[in-house]
Amino acid sequence: MRSFAEERDWDQFHTPKNLSMALIAESAELVEHFQWLTEEQSTQLPSEKLKEVEEELADVLIYLVRIADKLNVDLAQAASRKIDINEKKYPAAQVRGSAKKYTEY
Amino acid sequence: MRSFAEERDWDQFHTPKNLSMALIAESAELVEHFQWLTEEQSTQLPSEKLKEVEEELADVLIYLVRIADKLNVDLAQAASRKIDINEKKYPAAQVRGSAKKYTEY
Amino acid sequence: MRSFAEERDWDQFHTPKNLSMALIAESAELVEHFQWLTEEQSTQLPSEKLKEVEEELADVLIYLVRIADKLNVDLAQAASRKIDINEKKYPAAQVRGSAKKYTEY
Amino acid sequence: MRSFAEERDWDQFHTPKNLSMALIAESAELVEHFQWLTEEQSTQLPSEKLKEVEEELADVLIYLVRIADKLNVDLAQAASRKIDINEKKYPAAQVRGSAKKYTEY
């Protein structure tokens, strides 16, 4: 991705601020696929639709990796650290079956 | 992540529709960090702020992986396929230094 | 709102680019209220939750009006024009009961 | 807008949950217009671009009004109440020229 941007001289546009905008725009294209579907329908996408959703997921990942690279963040490590934090924030015994936000506990 | 959700009986909430909403909400927390910064400032975050941004990036990745898992999408493969598509959509020789959308070419 | 920003010397931050980021961040706080609710539940919010949702709607409107002001856009006129466009894009007789995007017709 | 939805039998899709998704998707289309522009450029849009931005602003307003209607929220009142809250959260004398979040004061 780094060389993709460099070959196109797009590095100048790829500030973390701008990339966060591109990331949310791609996330929104994902949301758009689901906005008029029921939750049930969203679990059973026709293959044509699934292919489009797959492309949106890819776009989100691409910008996510790009921001992480720009900020020298190790994404995998950050995610694994965050999962540990979440394990503590939401103890399984306490939150089972509830979608309340942790601050409400 | 799968077992994290299962242990909490949260699987019922994790439909692709709902997860896409959680994903964009996390993306927005990232955007929020950058909204009043200049592009320049966004490239030089103080370490305290960078740590917070790192957590948001992790949250986005967590939900992204979760949706992909729910839809049986191979994220890495999807991203690599998307990069190939982008190589063709935006030929380096043609788009160099321009941020125009490919449809404008 | 103009004087609110001026009194705080916040006008410098209120470029359309930045305001669009603030707008989407507020929209996401709205989304967050609904992400783990069923569609049914989202139509029957408890009064405490409704009050919070009301504040998010207000925030979205505030930034929306602010961007429009910065760009000299007459929001009411723009909306009324857009409604006319939509009337034509989605003829009632043709689209009744379907949530397909107009491009699919 | 109410009759627009009713004539098309779209009321069934217009739950607050779904409308919040449509709202953020429209907000993202706005963000997309600005993502590769500098802040400066975002203040001086060419007229063709401004026309497109105007349509996105209209779309955001349309969905915002639609959600408010569905939840029986008086948008104007909610916004005016929120402005009062903001006046107190961010006293002009204290926050002048700073974009720090109010919690940091």
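Every chain is named by a letter (A, B, C and D) in the order it is written, and numbering of its residues begins at 1.
In the analysis below, a contact is a pair of C-beta atoms (placed from the backbone, for glycine too) under 8 Å apart; a residue touches a chain by one contact, two chains touch by 3 or more.
Remember, it's a predicted structure, so these values are computed and weren't measured experimentally.
A.B. asks: Hey, which one of C-D, B-D or A-C is the same interface as A-B, over half the contact pairs lining up?
C.D. replies: C-D
A.B. asks: Between C-D and B-C, name the chain pair that shares the greater number of C-beta pairs in contact.
C.D. replies: Looking at C-D and B-C side by side, C-D shows more C-beta contacts.
A.B. asks: Would you kindly state whether over half or under half of the residue numbers at the chain A/chain D interface are used by both copies, giving same or different?
C.D. replies: Over half shared, hence same.
A.B. asks: In whole angstrom, what separates the CA-based centres of chain C and chain D?
C.D. replies: Using C-alpha averages as centres, the distance is 3 Å.
A.B. asks: Averaged over CA atoms, how far is the centre of chain B from the centre of chain C? Could you give it in whole Å?
C.D. replies: 22
A.B. asks: For chain C, jot down the residues that touch at least 2 other chains.
C.D. replies: Expected reply: 13, 18, 20-21, 24, 27-28, 31, 34, 36, 38-39, 99.
A.B. asks: Going by the touch rule set out above, what shape does the chain contact graph take here: line, ring, star, complete or other?
C.D. replies: Topology of the interface graph: complete, with all chain pairs in contact.
A.B. asks: Per the contact definition, I'd like the list of chain A residues that touch chain D in the complex.
C.D. replies: 13, 18, 21-22, 24-25, 27-29, 31-32, 34-36
A.B. asks: In the complex, go through chain B and note every residue touching chain A.
C.D. replies: It is residues 1, 4, 7-10, 12-13, 15-18, 20-21, 23-24, 27-28, 30-31, 33-34, 37-40, 42-43, 45, 50, 53-55, 57-62, 64-65, 67-68, 70-71, 73, 75, 78-79, 81-83, 85-87, 90, 92, 95-97, 99 of chain B that touch chain A.
A.B. asks: Flag every residue of chain B that touches chain D in the complex, lowest number first.
C.D. replies: Chain B residues touching chain D: 20-21, 24, 36, 38-39, 99.
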